[in-house]
Structures are given as structure tokens and as C-alpha cells.
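To keep things simple, chains are lettered A, B, C and D as they appear, and every chain counts its residues starting from 1.
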Amino acid sequence: MLKNKNPLMSTDRLLAFSDGVFAIAITILVLEIKLPKHEDLILSHGLYNYLCHLWPSYLSYGLSFFAIGVYWSNHHWVFTFIIKSNHVLNMLHIWFLMAISFLPFTTAILGDFILFDEYKSAAVTASCVGFLLPVPPVFIIYLYAVHKKRLVAKNLNQKFIDKQKIKLLSGIVFSALALCFSFNYPNVSLIIICVSFATFLLPPDAPVYDEK
Amino acid sequence: MLKNKNPLMSTDRLLAFSDGVFAIAITILVLEIKLPKHEDLILSHGLYNYLCHLWPSYLSYGLSFFAIGVYWSNHHWVFTFIIKSNHVLNMLHIWFLMAISFLPFTTAILGDFILFDEYKSAAVTASCVGFLLPVPPVFIIYLYAVHKKRLVAKNLNQKFIDKQKIKLLSGIVFSALALCFSFNYPNVSLIIICVSFATFLLPPDAPVYDEK
Amino acid sequence: MLKNKNPLMSTDRLLAFSDGVFAIAITILVLEIKLPKHEDLILSHGLYNYLCHLWPSYLSYGLSFFAIGVYWSNHHWVFTFIIKSNHVLNMLHIWFLMAISFLPFTTAILGDFILFDEYKSAAVTASCVGFLLPVPPVFIIYLYAVHKKRLVAKNLNQKFIDKQKIKLLSGIVFSALALCFSFNYPNVSLIIICVSFATFLLPPDAPVYDEK
Amino acid sequence: MLKNKNPLMSTDRLLAFSDGVFAIAITILVLEIKLPKHEDLILSHGLYNYLCHLWPSYLSYGLSFFAIGVYWSNHHWVFTFIIKSNHVLNMLHIWFLMAISFLPFTTAILGDFILFDEYKSAAVTASCVGFLLPVPPVFIIYLYAVHKKRLVAKNLNQKFIDKQKIKLLSGIVFSALALCFSFNYPNVSLIIICVSFATFLLPPDAPVYDEK
């Protein structure tokens, strides 16, 4: 009767649960776009005008949808070579998902206040914090999983592992930079965010395995 | 050590994620139907009357539910012959899901304002835009996947592929038509939408494979 | 090159999509319980009192959660012997899910107005309609699937099939009865609903297969 | 033609449904954080201040997210050795999920009123009730499943089974204790909750199987 604390598990349910959280976080973004009331329509001279003036909300909807989509796609890619899970990874994952689920809130702040000069920089800061929050858990999950090839295939190439580490680190640097600029130069900050998400349009490296 | 940029993946997680987004978008439609407050009930002389006068919301709920359902069913069908995924398809998919998730917003607009003469055409326009948005990504996903039989079975019949292309194109034409009419003839527009969704009640073509 | 209109499909994605819709419809019920504002708390002399006076909302939350749970469990059971799907079943399913997703709305109406004598019967009627709506699609899905053993195992026992038909019919009768009583005797109506859902606590019949 | 009432089923759909409910309950927590209106911003002297003063909402978001995450992780672990389901387990599960889905409501109460001295203890009580509600169904599900090894592997070690029973019992004791303290010593109560959830950061026991 041997006891094995923290045994390996399959990633099936972890992925199902994560896909659920991603799907919901990405879909409820739309609930943050405000529906007009009759007073609003009188103020904006009609429904066409009202809907057109909502463009900052559409923009922040699009940006956040794309951001969560990129996190999902990246998560998908990482879990093609993280092939096992355990209790610690599950708990780290909860932390990661907590950050992802927070994005609809910061998105709504951005969409509601970006057009108001006095609130713009605070709105962009909030948004940067939102985009930055998932980065540390992603990094720690990665380090935890690849340490001594704990949860990855034993023949996963070490150079490949190290290269991804550097890429993830650069993600942290970019997000931190965007955050710093947001206080005084919110536009610079938005550009950094857009550019750094756009780089994810390129396909990630395919995992490399050593021949045995 | 061979590097393969943009490697093929299984469609498992893409489908799980999509089913999640479809399920949420279709279910939160109901949140857009307004619950009465006590003042509303006094104005409408009772709860029976209030609930009966909500019929435009029920109608737009039904229409949008059916529309997302049709998109789901069509997606289901397309992914019986698109059998592989890659990074580009994933990102195109995010675009498609972004359009699907936007439908609850345009639905709510339609349900809230269709009975007001001064807002009716704007509400129908918004709704047409909502129904039109998923069409371009669907078309591009299809073209990308079947180009040189990139992500479909190698023996999928070429005539079948071309026929579907034409069907999808006709979908674009219908949606664009509905949008054009919406500005001046919102009723015509609604009829076009209902008819073009109704055609999806017919079963789609079964995929045809060449014998080897 | 043989064309087969309306080909059989596996039920995998249909079930994944349905589970998603069930899960969301059942979870957003809680969003219909009203959070207090500061004025509410002063009116109700404190938070304890406020939370205690919400009991009709808790009751309608519990009832609706149980109702959707019963529908899910029943769906689960039906799809142990409906083993294939096709386009028509998919579309009928959209109709069924449309009815399930509508329940959070009627639930909220019930919870908000059951304590007001002048609105009680309307609230119970709305609730009965909500519980009745999924019954016709369930019945039609069942008839469609078992007709000439179209989507069930060929050796599923015919007596078993007929017996379930009668059970489903009795469900329709009970729901219709509850609806009729709701206009004048809302309490009778609520009792019928509770009793008819309670019968689902008993395990359903196990599918019976003929020996070959 | 043998009838078998309450036959065993695979746990596939039960787990898919549960993962859906967990994912939604955990993700809609963020909807309970209040978005500012323009008046709020004037009152709080700007958006930065407003967002900083929301810290009780962030805290209660974090706590509840972690709590639901712990329930999910525990559920995941329990269902590594509960390997079959039946109708009774399904219905007990509905009860369990009903309690999980209720958490976003008590979370919102905690976040909104913890800073107000006159409402604090009621808010903490509500929150304790929220955390306590899932405990009885978890305990009953466990007892039902392991009774005569009904739904677990026949060679699951009996000592292991009994040990988990005691652990679950201690969970009940802790939650009840937190509830008792909440009326007069809400802070003590919060500490008990945090500590008892923190113990779940440790990996659970790996299931032990007898050799045959």
C-alpha cells in the first residue's frame, strides 16, 4: 500500500473546465455594451446616432475578445506539450482563470471612459492591469510544468523549452511597459498592447522533440 | 531537428470552445428580456398585460435563438469535413465567434425598439448588421480550409467543395440585400432574413468523397 | 457518387452543446435574485431582514433549478437510447433548448411577484407556461427518433418505446392541467407542478433490448 | 427481458455538465463588481479613486473564485475514484450544483456590505451560509457512492474511504463554526473560512487500491 502524494492526472477535465471559463469570459463581454433607454435616444437624436457613438465600446469589445482569444489559442498551444496535470497545476490554473475572468470588468471600464479626457488614463491603466494579470500565472504554470520535465514529454527538446521561457518573459516586459506608460501616455500604452497582441497572429513554434 | 511552423492540430478543443461560446451566446439572449418593475405593472394595468405586450422581445428572442442555432448547426456540418485545424484557423475562428457573441446585443436592440416607428428602421439595420457579421469569417474559414484541400480529407469531392462555395456566397448576397432594404423598408428586410434562415431548415448536402 | 440527404451523425456535439445550454440556463438563475441597494436595506431594517424576506426568490430559484435539473437528467436518460442524430433532430433540439433557456425569465417573474396578491396568478401562469414550453419539443423529438427506430438501436424493445410515449403524454397532461388551474387557483397549480417534478426523483426505466 | 431499475451509467455527461456549471458560476462572479456611473466618479473624485475603493469587491471576488476553484478541484479528485453514476447520484448532483451556483449571490452581498459596520456581520453570515450550502450534498454524495462500494472500484481501499469520510466531516465542522461566529465575530469567521480553504492548497490523498 504505497501512498503517492500529488499524483499525475490526465488534463481532460482541466481543459474542459478552462475552455468553459474562456468561452464564458469571452461571451459575456457583450453584456458590458450598454443598451439604450428612451432618454438616451432623445439625447443622441435617434438610434442610429446612439449606436454610432458607441464605437469605443465596440472597439474595447473587439480588443478584449481578441485578447482572450489569443490567451485561449496560446493556452491551447501550451497544452499540446504539457500532457499531464497534478493538484498544484490545478490550483495554479485557478489563479490563471481568475485573471482571465476579470477581463470583462476592465474591458467595460475602458469602453465606458476612454472618451472622457479626465478618466482616459485611469481607464487605460485599468485595462493594462487587466491584460497584465494573467501573465504571472502563465509564467509560473510554464516554469512549474517544464521544471525537470515534470509534466511534459521526457523527450521535449530543452532548447525549445528555454526559447519559450524567453518569449514569455518578453510578454511580461511588454505588459509592464504598457502599464507604466498608461499613467501619462495612455495612447502609447494602447499601441503597445495592440502591437504585442498582434504578434500572436503569427503561428507559435511547433514543439520540438528529441529523437530517441 | 525539423521545425514545422503552423502545424496541424486536432479540432477537439476548437469545437469544445466553439460549442461553449454558441451555448452561452444563445442562452444569454433571455437576459435581454426586461423584467418588470412595480411602476411598469401599474402603467400596463397588471402583469398579464405587461407580459403580453412583451411580444416583440419574445419574437426577437425566438428569431435570434433560431439564427444562432442555425449557425451552430451549419458549423457542426462544416466541421464534419474540416477535420484538422491550425493556428490560422484558430485565429479566424476567434473572429467568427466574436461576430456570434455580438448577436445578443443587436437582438436586444431589435426587441426593444421595433414597435417605435421612429426607431424601427435603425433597429432592423442593427439586427441585419448582427446577422451579417458572422458571414465574412465563415466564408474565409471555408476558403482557407478547402484551399488545396488544406484542412479537409484529401478525397473530398471537388464539385462538392465548389457547390458549397456558391451556397455560402448566396448567403452573403441575401444578408447584404437585407441590410440595404433595412434603411427604408425594414419589413422587407425582416422577411428576407426570416426566409433565408428558414432555408436552413432543409438538411445540408452530405459531404461527398471520391472513391480511391 | 451517391448523395445521401440528411445523413446520420454522432450525437457528440449535440450533447456537448446541450450540456452547455443546460449548464448556463441553470447557473444564470441566480442572477435573477435581486441584490439590495442601500435604500432597500433602510426600508427593510437591515441586511438580515432583507435577506430573509427574499425567500420567494430562493424558493423560485430552487424550484427552477430542480426543474432544469430534471430536464437535464431526463435528456441524459433519453440520449442513452437515442444513439444517432441528423439535421432534423438538430433543428428540433434548437427548439427544445429555446424553451429551456426561457426558464430563467419565467422564474424571475415568479420570484418577484408571487407575494403580491394582485399579480400572483399571472406570475404562476407565466411560470406554468415556462415549464410547459419544453414539453412539446421533447415529445416530438421522441416521436421523431423512435419512428421506425430511426435514431435508436434496432433491437430496442417496442413495448419499452410505447410505454415511454405514454409517460411523456402524461407529462403534457399534467403541465396543461397546471396551466389551466393557474388562472384562478394558482396554489393548486403550484402543487401540481411540484408533485409532477417530484415524480422524476424516481429512477426512469432502464432501456430494454430484445435479444437477437 | 430483465428490468434493471436505476442502472449504472458512465460519468461522462455528469462531469461535462458539472464542469459547465462550475465554469459559469466562477466566471459570472465578475459581473457582481459594480461598474461606475458618472455620478459615482464625481463622488469618489475620479476613476483611480473609485477603482481603488472597490477593493472589498476584488477581495470577495478573489475569495469566491478560490472557493469555487477548490470545490472544482475537490470534485475532480473525488471523481477519480467515483467511476460510475446512476439516477440517484445525478439528482444528488443537481442539489450540489444548486449550492455552487448560489455562491455568486452571497459573494456579491459580501463584497457590497463588508465595509459597513451595521451590515458587516449579516454580510459575513450570508457568505458563510453560501460556503456551507455545498457541504451537505458533497457529504451525502460521498456516502451514497462509497456505501457497499456502490459506485467506486471494488478494490478501493476501505481505510482510504473511511479517512476521507472523517476529512469531509471536519469540513462540515469548520463551516458550521464559521457560521456560528459570524453573528457576533465576523472577523473570526472570515479567518476560519480562509484557513479552511487554504488547507485545500495541499494535494489531497491519492486513492489507494488493494492488490487483488
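Observations, loosely collected:
Going forward, contacts are C-beta pairs under 8 Å (C-beta built on N, C-alpha and C of every residue); 3 or more make two chains touch, one makes a residue touch a chain.
Computed from a predicted model, the values in this text were never measured in an experiment.
Farthest chain from chain B (centres taken as the mean of C-alpha atoms): D. Of all residue numbers used at the contact between chain A and chain B, under half are used by both chains, marking a mostly different-residue interface.
Averaging C-alpha coordinates per chain places the centre of chain B 36 Å away from that of chain D. Rounded to whole angstrom units, the spacing between the C-alpha centres of chain B and chain C is 25.
In chain D, the positions touching at least two other chains are 16, 20, 23-24, 28, 31.
Against chain C, the residues of chain D that register as touching in their complex are 1, 3-7, 9, 13-14, 16-17, 20-21, 23-25, 28, 31-32, 86-88, 90-91, 94, 97-98, 101-102, 104-105, 108-109, 112-113, 118-119, 122-123, 125-126.
Within the complex, the chain C residues that touch chain D are 15-16, 19-20, 22-24, 26-31, 33, 35-36, 41, 46-48, 51, 61-62, 65-66, 69-70, 72-73, 76-77, 80, 157, 201, 203-206, 208, 210.
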